[in-house]
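Before I ask anything, here is the structure I am working with.
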Amino acid sequence: MINVGIVGVSGYSGKEVLELLLKHSQARVTYVSANNSHGKIEDIWPQFAGRTRLNCQRFDIEKAKKLCDLIFLAVPHTISMKITPKLLKAGLRVIDLSGDYRLKTSSLYKKWYKTTHQDLSNLKKATYGLPELYREEIKKSNLIANPGCYPTAALIGLLPLATTNSQLISSITIDAKSGVSGAGRKASTQLLFGELNENFKAYKVLKHQHAPEIDLYLSKVASKLKKIEFVPHLLPINRGILETIYIRCNKTIKLKDIHQIYKRFYKTEPFVRILPLSNQPELKNVQHTNFCDIGLAANEEKNLLVLTSVIDNLVKGAAGQAVQNMNIMNNFKETESLL
Amino acid sequence: MINVGIVGVSGYSGKEVLELLLKHSQARVTYVSANNSHGKIEDIWPQFAGRTRLNCQRFDIEKAKKLCDLIFLAVPHTISMKITPKLLKAGLRVIDLSGDYRLKTSSLYKKWYKTTHQDLSNLKKATYGLPELYREEIKKSNLIANPGCYPTAALIGLLPLATTNSQLISSITIDAKSGVSGAGRKASTQLLFGELNENFKAYKVLKHQHAPEIDLYLSKVASKLKKIEFVPHLLPINRGILETIYIRCNKTIKLKDIHQIYKRFYKTEPFVRILPLSNQPELKNVQHTNFCDIGLAANEEKNLLVLTSVIDNLVKGAAGQAVQNMNIMNNFKETESLL
Amino acid sequence: MINVGIVGVSGYSGKEVLELLLKHSQARVTYVSANNSHGKIEDIWPQFAGRTRLNCQRFDIEKAKKLCDLIFLAVPHTISMKITPKLLKAGLRVIDLSGDYRLKTSSLYKKWYKTTHQDLSNLKKATYGLPELYREEIKKSNLIANPGCYPTAALIGLLPLATTNSQLISSITIDAKSGVSGAGRKASTQLLFGELNENFKAYKVLKHQHAPEIDLYLSKVASKLKKIEFVPHLLPINRGILETIYIRCNKTIKLKDIHQIYKRFYKTEPFVRILPLSNQPELKNVQHTNFCDIGLAANEEKNLLVLTSVIDNLVKGAAGQAVQNMNIMNNFKETESLL
Amino acid sequence: MINVGIVGVSGYSGKEVLELLLKHSQARVTYVSANNSHGKIEDIWPQFAGRTRLNCQRFDIEKAKKLCDLIFLAVPHTISMKITPKLLKAGLRVIDLSGDYRLKTSSLYKKWYKTTHQDLSNLKKATYGLPELYREEIKKSNLIANPGCYPTAALIGLLPLATTNSQLISSITIDAKSGVSGAGRKASTQLLFGELNENFKAYKVLKHQHAPEIDLYLSKVASKLKKIEFVPHLLPINRGILETIYIRCNKTIKLKDIHQIYKRFYKTEPFVRILPLSNQPELKNVQHTNFCDIGLAANEEKNLLVLTSVIDNLVKGAAGQAVQNMNIMNNFKETESLL
């Protein structure tokens, strides 16, 4: 049994971590904090009434150190990199759900997050917490950069082909669609119900900070891959990401063979499901779960592969993957509290 | 042809007034203003690109006076009562969509709006702009207090019975459900898509400021009526109000007779439709229209009448009714731009 | 560990039972059936891929008897009463989610379900599975009539007052709003997305078959209570019921006292939460949970109490309550797989 | 003033045609029919109560001939080609909203619609009713093949580049997202609210019958263009299509130049709006309008252009464009009843 803290419990991701940990048999939440909301957890999130007596406090590093073995940081980027070094120094382990430790160089971070990184030594040491790629490294890590929601769906979708057949790939276009919870819980006119309901639009076209994250980790398995294009859209729903990934190949492909490659690649993964060739994934099949479902289709004559990848952005795309990482780090059953 | 201004065009009601007036054959919009958004109207509302070249400006009373014969005020309450006396003094006519001129005494206003009324003389002179009740008065008025969205649906629903059979009524309970646009367009965590989508709740239970408005105008036709109870709820949709009104009677009722009373009462009204007894109104039948649809049901043994009334809160509940009032005031065809 | 079957797993309630039982530590699903969908469970519900290898079969009573100790019947009414006597005779226990065993006389059943009951002896023996009312009886029962979704929210809301102060109550009006999953999963034009999305309406006004169920079980604790009025509406969301219950009293009430009565009444109930007086329940706080949240408000001068009660219609209103009943019948921890 | 009939008024497109024509100053609807719904139009569509006294009848060609100058066919494909030749022979003009007359050869039709075309001579004569491409031909035509919803958004998006710079284009990938009304109004489990709400998925991946329609009409302006790829998705909303179109070019592009080309190309079009370079189109800006809004973005280093095109699938994608065609054919003001 380990003692766990959640910093930033008033946001959607922090709340989801708490939701999952309340069902966990080997982790006990001993500390929750948020900067704008204090008091009983049910005053912030009434759904927790009767389920826990936790009190939410303004973040206090001394308390966190005293009460916890491991901390989930569900705070905005730039906040994480201020807190993390102190927690690590005190011997705690950290799973950071922000973007602060994902891009591994200060220049890349600065280019995409428009600010200077403050914790370069840990930036280098952090382990990118995608279990399907780095399970062994996660086991030994003290600092997990929990992947972004879009990169999780994209990388799980692309890793099998990139690992086994990168020379085949001419170009990759990712058309991504996300539910609104991905945008967080800040008072903004753009996020009002009246603006988003029954609406749909693209945003940050070719400019989203998750694009370089996909590039970077894809390059780990396929170094010469041409960079990919990424366009996100906002779906008028609460949860879920679907990415339609168009892969143009430079020679003939056989869809059946690629399907076999994918099934083999993820044969032992507890949370990746390759659908039969006749099926397409749907958000409703992964909402409130830690699964990533992948569908494959192709126009073989034109050397075009169309891959669809779906996750729940708050679970496999954030809190669920964070708990999966905690499970791996602690040698717990990997699916504990996630199935 | 009259020249018309819209003050507060950046809100949902102001926008809807503009939408309707662009189709109007006898009114020309010559002035639009908003306090936080200036520049081309399509920078605020892109749907107007290519349809009008209006520029939105910070409100300037001298400009308004010079350019307009009539002004729609689609601003928050307390703002209206500061602007209105000046516009009236300059000879303009005013249709106020806020709550400032609806409750006819300073004490009632203070009790429900928690602030002191600043324009008592016009408060008394203002005409309550419910054409089904005050069409003749509207024709001669210079200041229209455009009814609240909830009172519009409630009063149209209750007027026939209250006018013809008030002695029959023991109690009235109004259970109201409104789409989110009724709450306006302000950056607030409570109005975020992530908080309201797939959600439903009651709010301001027995404490909504539209309750005394219903009381007041019902008392004009049925002076001894016991006050009514009103509970509003928030629907996860953009537009529309449905009110389920429970009327307990103190003696036997015949549903067929009441249905006849209703059909007769609204026989010549262009925007009220009494449904056949087997039908129930639905929001989708009135959205984007100025209609109020009414359904009737009863448990005759228990002397209970159940009335359902639906409107589009932005049209008959706000902008459409405002334009209907403008048509009446100017002796235009009452349905102009509304059918 | 008991062996459990689910008959009707292709519907929303049957699916939800399976969802819950896959997390249960003492019940193993050994049999699932549906009449129109056979084959691997993931061909019907792709969300179960990788989580269970169950095969769905056409219902076969011999198989059910051989493989199961207890059966959940998630089939339409009239089907239940054909299967139930055979299962009971074979010594299995039955939890019936349909309406077949709720109304305890053949005449009442016939009046509301428009067909003759075929299993009168078990109709009398069946236990109404509302743990908050009949926990002790459930422990010893072989046949549970799992409550309807609307009655669950209504009864939990009304029991405290009816039990302790029934003489106070003059009239009860229940204005109920339900998500669409309550209507089941049948191909019908009326249930199309295009007809219900962004829409809202009342239906079966004063004629819903859940009304007599509320009457009947309320009369068990308050025999002289006047019958209640019930009007359901259809919310454009997937899950959740909110009922606004208007209770007119025949003498002075103190809201604080009633709040105390409610808190005391449900002090030891694991799934009922009485909110603080300033709060109103919201669907999002109970979706995907077995909780019933209750809010209280009043106009003390007018002797009017307004009670709001929310549940997830598929969980506390169907599958969750069914599993709660199974837990009670088997002396498992009552909250097992439900928290 | 012309007399117009609508065949198939019980579907979403037929209803929308009626909605628009009721506001038209030069067309009078004299005949409406549907095969499964007869009687007063408000028994099918209650929103028309009080607005028209039309009766809906089973289709009778003699009545249609007698009462109408022009017919809108809003019926499923294969039905259109049975009715059309008879109407044309009788001297009526026809605007067909189905897919029957869009693909100009019997082999192409058979390949994509899986049935043999029955009216080859008219198939050849029919004019593809995209005013932005064929306005002059439409003026003289008796038979309009009204474009499909997806092709309308795609072609308006692609025509300027294909017309002026086809040699630049290496590949075109269209990722399309449509609201549910595009699927029509048939009782099908797949179209239930419970299946689509809060859900999202791709369908008919690379196999949609609108793909060859886009190919065909693009080839009219750019004969050597490589065929395009098309993947549609289903949005959980009522109305609207957004297509994200990825155009890989074989040499350097300047976004500003392309923006100029687009603005020039559509300078005089009443219903096409090219957005400023910093803006992205949103569905809400075109819903309930006949506009097509287009946004442009690019990664100039990688020779990639990303074009986003939005329409209301029931208006510019069906009924609105049909009325626009009627206006053009009759020399009415092209925007009549559409602005």
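The first chain written gets the first letter, and so on, giving A, B, C and D; residue counts start at 1 in each chain.
As a convention for this text, contacts are C-beta pairs under 8 Å (C-beta built on N, C-alpha and C of every residue); 3 or more make two chains touch, one makes a residue touch a chain.
This structure is a prediction, so every number in the text was calculated from the model and none was measured.
Two chain pairs are in question, C-D and A-D; the one with more C-beta pairs in contact is A-D. Distances between chain centres, each the mean of the C-alpha atoms, put D farthest from chain C. Chain B and chain D have CA centres that are 37 Å apart.
Each chain gets a centre from the mean of its Cα atoms; for chain C and chain D, those two points are 46 Å apart. Between the Cα centres of chain A and chain D there is a gap of 39 Å.
The set of chain B residues touching two or more other chains comprises 195, 198, 236-238, 281-282, 284. For chain A in complex with chain C, the touching residues are 22-23, 46-47, 49-51, 198, 270, 273, 275, 279, 281-282, 284-286, 288-289, 291, 293, 339. Against chain B, the residues of chain A that register as touching in their complex are 12, 180-181, 183, 185-189, 191-198, 236-238. Within the complex formed with chain A, the residues of chain D that make contact are 171, 173, 175, 177, 195, 198-203, 205-206, 227, 229, 231, 233, 235-240, 242, 244, 246, 248, 280-284, 287, 295, 297-299, 302, 304, 306, 308.
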